[in-house]
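Structures incoming, each one as structure tokens.
What follows is a pair of complexes built around chain A, which joins chain B in one and chain C in the other.
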Partner chain A sequence: MKAGMKTLTYEQQKRRLGYWMVLPVFVVVFGVMVGFAAYTLILSLQNINLIGTQGVHFTGFASYAAVFHTKEMLAAIRNSLVWVGLSTAAVVLLGLAVGSILSDAKGVSRFARSIMLVPWVLPGVVVAGVWKWMFGTQNGVINALLGSAGILHSGIAWLGTPGTVLYAVIVVIVWRLFPLFSLVVASSVQMIDVSLYEAGKVDGMNGWQGFLHITLPGIQYQLLTMGLLNMIWIMNNLVLVNVMTGGGPLYYSETLPVYMYKLGFQYTKLSQAAAVTMVNFVMLLAISMIYVYFFRRAQKARESV
Partner chain B sequence: MTKRFWTTVAVGLLLASFSLPLWAGGKQEPASGPQDQTGGVTTLRVWKFGSPQNEREYMLSQIKIFESKNPSIKIDWAYQNYPERRTKVISAKQAGNLPDILLSDGQSIPEYVSLGVIRPLDEIDASMVEKWKPRFVPAGWETGVYDGHVYAVSPFVDMAPMLAYNTEMFKSAGIVDGAGNARPPKNWNELLSIAQKMNANGVSGISLPASKAPNDLEIFVGVAYRNGARWISDGKSHVNGPGFVDTLDLYQKLTKFAQPGYSDTNFRQAMELFFQKKAAMAITMSFAPILRQSLGAPADFPYKIASFPQRDSVSGQFQKANFIMTPTVANMITSSSKSVKQDMAYIDFWMTPEAQQGWNGSVVEGRIPIMKSNLESAPFAKEYPDLAAEYRKGTLFEGALAMPGFAGLSEAEAKLTDAFQEVLLGGSSAKAALDQVQPQIQQVFDSANKSK
Partner chain C sequence: MRASFRVRRWLPRFGKGILAVVVLLIVLFPVAWLLLAAFKTTADVQRIPIAWLPPHPTLRPIIDVWLNPAGYSTDWIRFFLNTLIVAVATTAAVVVLGTIVGYGLARFKLRGSGFILFSLLVAQLFTGPALMIPTYVVITAIGLYNTLTGLVLAYIIFQTPFACWLSYSYFQNLPVELEEAASVDGCTPWRAFLLVTLPLTRIGAVTIGLMTFLLTWSEYPFAVALLENKHVLTVSVGLAQFITAFNIYWNQMAAASLFTAIPVLLLLVFAQRYFVKGLTAGALK
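Up next is the complex of A and B:
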């Protein structure tokens, strides 16, 4: 053994080997996630516009100031909050309800489960195209059905009316996402120990109480994970809104990803697009943190009882 | 099993994997792009934006002829969505994935030039371009010229604005000329009164394309140019001038007699409603017959297309343009192509009367050819007797301008579309909305063109 060389214990050697094994993954994840985020941040502090830029230089928060001075940005933030808030709430509630039913139903569940995956596996562009046609004012299926049922006398312009357009697109994203949520809920519920329900019944617990005190606490981690994932998917969704409405009419369904896409790929203002991306990122981070905070607080409160 | 056995198996599998492409699809395709010159064959990647099925089929049949005449050139032809053309091209430019040849529209030329996407054809081979020029009518040829250079050449142009009207409905309503034939409205006032009259019994008076699709705005701009409007003149934006304001005001009045959901109806859907007899009139472009073909409406559908009526007295401060026109199959060579000689050979093939004859009305309906041989042909005279007569008189392209294009057009169009929709949805008056958007468009123009 060379002089001065430290002798490592078996545990230390094992730990060091572990670090070396994790290093490649760490480098890739760090490079892909942090690297791109840092690049976007740098881009947002520059003045890059593919048309008309005279040399690239740092301009501080000029891109942020420019986008926040537009009506579109404010509309996009407002719409994004409504879009992500309502859609996530609807996916979670509907997913929870349908998932609970599915976990109980034995005869139809296997068939229902396979059918329910259809909205999830269909490509986003196809879903958007089909629903755009279904929501059509004159030739759409929805207006035709409502008309034949005697509910409507003339077609509603679901995607052409400021008051309905965002909600129409919310219906579509909920339709697309809630089945997967339901399936996760259903399989999570089935993993709960049945003896807990049986013990509760002995103590006079009804179905609702069972759901509240056994089912919900039993699937809370899956709920948290799926809720967060859905929120991120919804917040970052470009395809549905862009294909169905293009953010219109006017800005009534414009969300941050749609605005970002327009700035970057139609107007070629890359720095401004990066600024909107950073705003989207910060909003997503803030919403996620609030979500996690409240969830943990509720969890602690339940544990302290 | 010996080590030798396993080594043999591994090497055998490796060799077999090399032959998989042959099993999967016959011969191996060379990767696209100019660097793919294998065995003396150059593959040219061509992106075509837009076009209905029959036009694409016609073009593909001509490409086969080209390939048989030029065995050293292979065409890798890809069809792309028209409304996404600028986005697609910008992304491809950024990703270093531009094709060799683009078939795009004329008004995108300034933006493509600013982005460094295309190169002037006359700088590649001036003599070849000079050879093509006399074959075309000057007004049509000019649609591919920008900043003194020829960037694109097209077999035809699409013209705006046009009015399609249902002759059967017009006759029933007594809107006829002296000979008892259905006649189009003469001016804006009559257009409004006819739209009001026809707006009954579940039929809309007029089908109004007013979505966010760029074509819808281009049709509106066509109506405005017919009323003496201009986007930009001498570097100054005039979108809040009377030419635009009065046109937007007309559109706003027409919404009362238009289909529900007009702000979500694009040019294609507007014509679909018209061909379903759900509207008596439709604001459109000269390509309406091609939409009839692709929408499957019967060939004897009772309709006619006329130039859009104009205001009693033109209110804009500029000379009225009868039409604005754009070449939508304009051949352009990209800056990333390394096979310009082959690119020019490909375009040269398309610049022949034989390759372009399908656009004289015999194969593809609804395009206005700009090659003289097509305009003078018998099929054109048979398909479009009125247009052929106008061409013979020399008035077909009279007062027609190239569809306006400038660097920053995409953003300027988006801003004007917002003002346009705001007014149609009742959120503002035409004057107030255009006054508000004018400085924004000026800023876009100044910023995009400051290097010039």
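Up next is the complex of A and C:
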């Protein structure tokens, strides 16, 4: 009886301690983030578009109208869609292929694993710097390699040509993200029960069917979360484009975050920059929801088969 | 067994080996190219056709970056120290906050903890450019623009959610028995946390610390938004300015890049298992 009462108070003590541990930090950190997000919205509805703007007031959607009337904004939206769509698809497909093929390799040592982490771990600015040099027209190593392989006769200005610049930067972000993705795929595949494959073999499944019906369903949760995470990283990436091309030539490689950066920090049009941020955020949210919707539908279709 | 069955008809064993080698070459080539460039003379990095291995190996670029006052060095040493200060301060704060919050969430059945955990994940959406503009406006308004303090404050706010999530998943896997034994011995919950649990959190805290250090060391968007003055730049912003300016000194760029990368590469070599845990925790949980 006495012991029971004591544990009760102990439980209460514990709960109170738990709230003290979690709530203050959570409230401050989250309060700031929510506050900042709300402030972005407010800013985008105001008229702070020059240094020291006098008479700040609400102007409704004027900042949105202003940015949407520029060719640059439409180009940025188009570039962002190409950028996030192609890069995410390439990272997922390449990561899936490399990860599932090499998942069992006994020779894949800790050394090889460390190497696969290198692109992700390297500072973004370093990655941007070395690839900018590699894509150079005159003394870029990519033109030199293609030249000595007989594919190219004269150098291409990869980062200076409207038709190639965005794709060149996409190559870089895929290089940065697919190794980590394939590591996650490999370690997820290793968690699948081996007996499933043996049963499949008895049923006469070939390798490709085994991949479709055992491997893919077995790692679908990891695929979804890792794919979504990569998409967010890609959509929000600023450093690669900013350092490699600055959005140029003209605005042919300008994604929404880069345009936002330009407006906010080079032209100090804060309200317009906030408007672009809101557009970027809504697009990110919409694409995430579409992505999750299709993934769930595919999942259900597979379960009902 | 399972594997040979899965791919037998698709890729013979040697094909797999070739694929592995090709992938590793693609992954490593830019790093090797950078390493080589740091030992080339300025004439050799500009040479056409390209010089693959350094024709005249030299330590000049590294010396210019670190020692030569007429070169890049007066700034570079400061960038490096600034980054170290910012990364260490942020990491210390985030490890303490993340450990406490993660423990609270994992151990006590709190009302609303589901909501809190979900919010911590959603917070990932807001990292990077999404909050650059308001952060810039607010940090400027409280007089911390162009200060390392302002940058550290911003980093603490934006890195803590991920750290809480990591430490939550760590404590979930840590057996609760020891703490229960402590409660039987008459410890208060707080004393049980301090005396029994905290010593056990080393691995979790190291993982959080490494991840935070890594992300802070290389961070670019907030640093470029909040710093402008040469005296307070971090390596990311300093190096970015060097690269974006009309640049022919690729060897100095390479040397500076290597020094920017070395701290995180060292972490990768010596703490690989923590990294794999930290990087995959979010996806595999």
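As a convention for this text, the second predicted complex is superposed on the first by the 270 of 305 C-alpha atoms of A that agree within 3 Å, B and C clash if a C-alpha of one lies under 4 Å from a C-alpha of the other, contacts with A are read in each partner's own complex, and residues count from 1 in each chain.
As a working rule, contacts are C-beta pairs under 8 Å (C-beta built on N, C-alpha and C of every residue); 3 or more make two chains touch, one makes a residue touch a chain.
If you're wondering where the values come from, they're calculated on a predicted model, not measured in any experiment.
Taken together through their common chain A, the two structures put chain B and chain C in a clash. By the touch criterion defined above, A:Met231 lies against neither chain B nor chain C after alignment on the C-alpha atoms of chain A. Once the two complexes are overlaid on the shared chain, A:Phe265 sits against chain B and chain C alike. In the superposition on chain A, A:Gly248 contacts chain B only, with no contact to chain C. Look at A:Gly129: by the touch rule set out above, it reaches chain C but stays clear of chain B.
Once the two complexes are laid over each other on the shared chain, residue contacts for A:Gln138 go to chain B and to chain C alike.
Contacts of A:Asn49 after superposition: chain B is touched, whereas chain C is not reached. Shared-chain residue A:Ile173: touches no atom of chain B or chain C. Contacts of A:Leu102 after superposition: chain C is touched, whereas chain B is not reached.
Taking chain A as the reference, the larger set of touched residues comes from C, when chain B and chain C are compared.
In the superposition on chain A, A:Ala90 makes contact with neither chain B nor chain C. Contacts of chain A with chain B, set against its contacts with chain C after fitting on chain A, overlap at residues 138-139, 246, 265. The touching residues of chain A, counted against chain C in their complex, run 10, 13-15, 17-22, 25-26, 29-30, 32-33, 36-37, 39-40, 43, 98, 101-105, 107-108, 110, 112-134, 138-139, 141, 144, 175, 179-180, 182-184, 187-188, 194, 197-198, 201, 206-208, 210-211, 215, 222, 225-226, 229, 232, 236-239, 242-243, 246, 257, 260-261, 264-265, 270, 273-274, 277, 280-281, 284-285. On the side of chain C, the complex with chain A involves touching residues 1-3, 5-11, 16-17, 19-20, 23-24, 26-28, 30-31, 33-34, 37, 45-50, 97, 100-101, 103-105, 107-110, 113, 116, 119, 123-138, 157-158, 160-161, 164, 183, 188-190, 193, 214, 217-218, 220-221, 224-225, 235-236, 239-240, 243-244, 250, 253-254, 257, 260-261, 264-265, 267-269, 272, 275-276, 279-280, 282-284. Of all residues in chain A, those touching chain B in their complex are 49-52, 54, 72, 136-139, 154-162, 245-251, 262, 265-269. Against chain A, in their complex, chain B makes its touches with residues 86-87, 90-91, 94, 111, 114-115, 211-213, 259-265, 269, 272-273, 276, 278, 407-408, 410-411, 414, 418, 421-422, 425, 427, 447-451.
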